[in-house]
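Here come two complexes built around subunit A, the first alongside subunit B, the second alongside subunit C.
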Partner chain A sequence: MILWTSLDTWIVVAGALAGAACALVGAFLVLRKTSMMGDAISHAVLPGIAIAFIMTASRAAGVMFIGAAIVGVITALLVEVVRRYGKLEHGASMGVVFTVLFAVGLILIERAARHVDIHPEHVLYGAVELVPLHVVTLAGFELPRGVAVLLVTLIVNLTVITALFKELRLATFDPGLATTLGINATAMHYLLMTLTALTTVAAFEVVGSILVIAMLIVPGATAHLLTRRLLPFLVVSVVVAVMAAFLGHIAAIGIPPWFGFEDTSSSGSMATVLGLLFLLAFLAAPEQGVIARGLNLAGLRLSIVTQDALGLLARAAEDPQNPDAGLSFADFCLVSRSPFTARAPALTVALLLLRLRGQVSASGNRYRLTARGRAEALRVLRAHRLWERFFYDDGQVELDELHAAADLLEHYTDAGLRNALAERFAGQSTDPRGRRIP
Partner chain B sequence: MRLQTLSLPEERFKPATDQKPALHVRDLTVAYDRKPVLWDVDLDVPPSLVAGIVGPNGAGKSTLIKAVLDLVPHASGVVEIFGKPYRRQRRLVGYVPQRESVDWDYPITALELVAMGLYRKIGWCKPVTAPHRCRALEGLAEVGMAALAHRQISRLSGGQQQRIFLARALVQDAQIYFMDEPFAGVDAATEKAIIAILQRLREQGKTVFVVHHDLESVRHYFDYLIMLNMRVVAAGPVADVFTSENLRRTYGGRLTLLDRAVDAIGQGTH
Partner chain C sequence: MITQLLRVLSLADYNTRVVMFGTVTLGIAGGVAGVFLLLRRRALLVDAVSHASLPGVAAAFLLAVTLGGSGRSLPVLMLGALVSGLLGMGCVIIISRFTRLSQDAALGIVLSVFFGFGAALLGIIQKMRGAQAAGLDGFIFGKTASMIRSEALLIGIAALVVIVLTAVLFKELRLFTFDPDFAAGDGWPVQRLDLLLMTLVVAVTILGLQAVGIILIIAILIVPPAAARFWTDNLLVMVLLSALIGALGAYFGTGISAIAPRLPAGAVIVTVLGAAFLFSLLFGSSRGVVRAALWSRAVNRNTLRQNLLRALFEYEESGVRHGMQEQLQYLQSVRGWTVRELRRAIRMLARSGMIYHVSGQPWRFSETGSGAAMRVTRNHRLWEVYLLEHADVAPSQVDQGADFIEHVLGETLVAELEAALPRFGKALPTSVHSLSNADHGGGG
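Up next is the complex of A and B:
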């Protein structure tokens, strides 16, 4: 059983606020294809925080934010400078800049940590479990300090993104046009980097740098699989992040006891849940998921094999000597010129489907067209021979290659196209080899 | 009488600014990493015409457009649109970037993309509203794409994507347009649509610059030609500058076969 206390509520609220704030800016990083800039900045702000602390001897949120924002913009600038003048690709340039800044930050914090309670390990894992311990008063309510800071950050992000929604959309989609329209894409880029730096600092004290990166990138990546419009994209990103916070904490306190362990780090568990949510979208997204694509492909293959089988039966029925002989299973494999249809498992499924539809009957071990099947089979044959006529008359394809070309196209020919083809060859009733076009 | 009625629409559409050249460029030099890409470019292009920009790969055709639009830094030079510095004339300028320059997986529809052309008119921080969407839909209709207004842009063909790019420029309602390879890799229907648009823009007294690759169609599409190979080799009315001598100077020894082909075309049309 899970024992839920107000402590747990605050942890989930802090995680959800951090997630929502990160997901909002992260969505634009993902769309701009600069996701790893989030990674770079979230690490690089560390010296900013440390220097701000050393200079002012204060851990006030405002001071930290200013330090982080400055270093965030400096990081973005440095990455650009190193890339351009160091002749490096973007990823390498980020790698150079953020690892150095992060290391400097760690050293500074270690020096400072002798006097205060910033610990290097909190930088990595965060301290979401400690969130409820520091309480402040915001607009008359008593809130944990971390939650208050994140709430303000989320409101800032929401305000900026709502106000500049169309400007951000244009600057992230087409920076060139944005600049000619007076929306300076470079300025928008640095605005986004500043927001990323602020959000990172606010979130990272609570949830640690790994979860910050996960919350910046994974919700956007998941939304990319699920939506095709920008507003739903942002909404899905935020929902995914909030779900991960909630489910992650439940998993952290609920699952380890099953195996007889103490409960585990909530932020680690939240990041894991984010990964699982992405995996779910990756597999089961309605259009772009692996399963949906697999089913689509399988459906297409099956429809091609069933149409081929009908076509083969229709050709067999044209034999003047023995129109009712039908084909045996082995005949299909022998007669078919499409390697696909000649494969036994595909053919078995296709013939089963045709029998279920009542288009093919089986007696003995021979398959024959039913009246209903005959109509459909003639449509396939008609498309095939019209295409042969088309290619032959245009002189584009040799007689030997006609069949393959027509075979490909007959499966993609609907009634409209079939009639258009028929109109074009109104006077002709045979294909190039003199067989009747049904 | 007949002459009068013919000249009437021209009068009406003539921009007040047409005393000055539509585009005036003096001493424009652009360098990437100290390696010059464009040298001492001087241009004075009169308004109300369709101008082609041709030259071999790496000649700086796109760079010329981007430099004019302040998208790449200049080492030196002056750019004026209708007699005033570009920065003060931005609202008169429409831009069609190369199709490959954007991410077509971006989650927006054709209509939303076209509405981007209206963002300056809409103004900072204000949302896109119903009248803007109507205008965008008109723009789509002008390029024959109204039926696909609500399709996500990755599900359009290359030619359709190029057409919505043009629709976006049309709704900008500019006086002078810069189009970066609008004909690259498009189907016949799109090519026809683009030519019709260029024709209409010319009739409306607009000035259009088109980066172009296919030398065979130069005579059919353009009134004016800028032949570029890091420097301006020649610029002027197509009939005057599109000569085998200028082609040789533009393309160097690389295209002797092409020279002859163009000569042949030249003889055909004269």
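Up next is the complex of A and C:
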């Protein structure tokens, strides 16, 4: 039995706000193939946070944001410097910069712990259960401080991205064109890095940097599998992040008790749910999902083997020495240049499917074309021989090599292409070997 | 404080010796294996592997406790770490293979989701009744103080294996690292070498988890080689240097963290390594920033000086005589210099005694200056003629082409030019521009 309190509501609200803010920025990081820059910056802001704590001896949001913005830009610059002078790949130079900054930050945090109550663990996991303790008044409403900060961050991100939507889009998809149109792609890069740093700082106190990184990268990656347009992309990212916040918290308090444990960290659980949502999209995305692509591939394979079988039957029907214009199962594999040599299972599947479609009839061990099958089979054969004509006349391909090329292309030839080929060879009624084009 | 540090660094205590042995050999192993990791451009893959090991550690702990064990047996935890780390690596490969997401995004997804799941499991463990979960925190930020003899020995053995394998397979690894396609074409077992390399790297990662921590272990593998890269272009030297930096970083890092037990050991080691990296970035003898800056300053000065020498030489060659003001205006317009640049160039030449003037009169060459100017001009014109005759560059373009290259022509190259254009002998070719575009103003 789940006991839902106002604390739970605030945790979900904070997680959803953090998630939406991160997902908006992160979507651009994913599109620009700089996701790990988000990871690097969210590690690297740690010394900035620590210095702000030590200098102000408080958690004043303003100072921390300024520190974060500076650190974000510095990190991006440092990565660039190390990459250029060290001739290192981007990943390695990021790895050097963010680990060293994070290490310095950890040491500084230990020093800062004397002034304010903070521990390295807080940075990773956040201190979400402390959220309702500090309350501020914003526009007449009493809000927990952490939630108010996240709300402001989300509004800032939303405003910047709306205001610079056109510029960001261009700089993301075509930096070269953007530059010629007078949009500074480099400035856009550093702007994104700054937003990333700001969002990280706003969110870490509440949800921890683990969740920040997950919320930066995973929603965008999930949306990448689901849509190809930028605006839906952003919407899907935000929806995924908000869903993960809600489901993640429910899972955190709901699932461990099944196994006899108490509840667990909400941010860890939200990150896990994000992973599961990504997995779902990975498997079941309508166009790019593994399942959809598997089915697509299987469909293509099936259509190829059935067309191959039809083609063989159409050729058998032309053979004057073949009394019943049919083929036995063994014949399919034995005729010259059969695509079914040593592929009996594929042939079995193809014949089964053709019989189900009523394109092939079987009597005894012999398979013959039905009237419906004959039309389709002639289309395949026609495409094949037209292609042979094409390669022979226009492509100067040797006689011996014609068959393989035509065999491949016949499966991808629709009515339009067939007609275009037929028009090209209007005067010719035979293929290069003198066989009639049906 | 200082005496304490000296006591630690001189390895006076048994415990210190054990911990030092463990971390320093880890530093060496990381430094050696990291070189190849870095050069193979796989640095961040290890970050994903180490982050992905957290749920394995937590799950192994949970499993051990459920089965009635203590859950703190290190081999069990490390086995868990290894399994889930490899699982994470598999996920990275699958995601980047089967989706249109970049590997970058795949790394980010795996490391954040696995780490988040690990954190959720840790959250459960922390609230378990009677479970001693204290040891697990060390996996995240690193804890060297608790290292015992058997662990240090384990790391030592692994380091030995890494070193021996690298030494034995050095030639193979070098070829494979720099040109895997050629190595494959030449019949080397590239995939097995790749597998071996990744095994070594993952082994170092998992063994180092407890000492340095999940988040920072990647630094042990990439900061030392990245620092070594600033000093050398030779792979063997780089490996040795990287091992040395790794060992020193671990030695001083462990020493400092021993006297300041509140500081996470991993963070201290990585900070020391970071300092070594910063030093190398600035002062590295091969690619260091300072050296690069000095070199580019020297090239700039040399270019400026040679340009003025040639401009003045061609001014004198033209036979026109003006007062000083007209001469300066001419020089400025020929090279497109600002007043400041021209002044700087003149100051440089005057200081080295190549040119002189009586106040108010135009600048003249001294004897050394005239010789130097002749050489510079000759190099420029030889190169121009070479470009015209052998590279089919249009006459209007050769000046620019020669301008880039003339400053870096060495003696051997000049000798080759002379051999390629024997008709000039040791004489000064006339400018190729004097007839083709007489109104050019004398640029060639």
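Here is the rule we use: the second predicted complex is superposed on the first by the 424 of 438 C-alpha atoms of A that agree within 3 Å, B and C clash if a C-alpha of one lies under 4 Å from a C-alpha of the other, contacts with A are read in each partner's own complex, and residues count from 1 in each chain.
By our rule, a residue touches a chain if its C-beta (ideal position, glycine included) is under 8 Å from a C-beta of that chain, and two chains touch if they have at least 3 such contacts.
Bear in mind the structure is a predicted one, so any value in this text is a computation, not a measurement.
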item: Overlay on subunit A: subunit C relative to subunit B, clash or fit; value: clash
item: Which of subunit B and subunit C A:368 touches, first, second, both or neither; value: neither
item: Touched partner set for A:379, first subunit B, second subunit C, both or neither; value: neither
item: Which superposed partner A:290 touches (first subunit B, second subunit C, both, neither); value: second
item: Subunit B versus subunit C as contact partner of A:33, first or second or both or neither; value: both
item: Subunit A residues touched - subunit C or subunit B, whichever exceeds; value: C
item: Subunit B versus subunit C as contact partner of A:389, first or second or both or neither; value: neither
item: Partner chain in contact with A:145 - subunit B first, subunit C second, else both or neither; value: neither
item: First (subunit B), second (subunit C), both or neither touched by A:177; value: first
item: Partner chain(s) touched by A:164 [first = subunit B, second = subunit C, both, neither]; value: first
item: Doubly contacted residues of subunit A, that is, touched by subunit B and again by subunit C; value: 33, 224
item: Residues of subunit B defined as touching subunit A within the complex; value: 33, 66, 69-71, 90, 93, 95, 97, 101-103, 105-109, 112-113, 116, 119-120, 122, 124-125, 127-128, 152, 154, 168, 172
item: Of subunit C, residues touching subunit A in the complex; value: 38, 41, 43-44, 47, 95, 98-102, 104-105, 107-109, 111-124, 127-128, 137, 140-141, 215-216, 218-219, 222-223, 226, 229-230, 262-264, 266-271, 273-274, 277, 281, 287-289, 292
item: Contact set on subunit A toward subunit C in their complex; value: 30, 33-36, 38-39, 43, 81-82, 85-89, 91-96, 99-100, 102-104, 106-107, 110, 120-121, 124-125, 208, 210-211, 213-214, 216-218, 220-221, 224-225, 252, 256, 261-265, 267-272, 274-275, 278, 282, 288, 290, 293
item: Touching residues on subunit A, where the partner in the complex is subunit B; value: 31, 33, 84, 163-167, 169-170, 172-174, 176-177, 179-183, 224, 227-230, 232-233
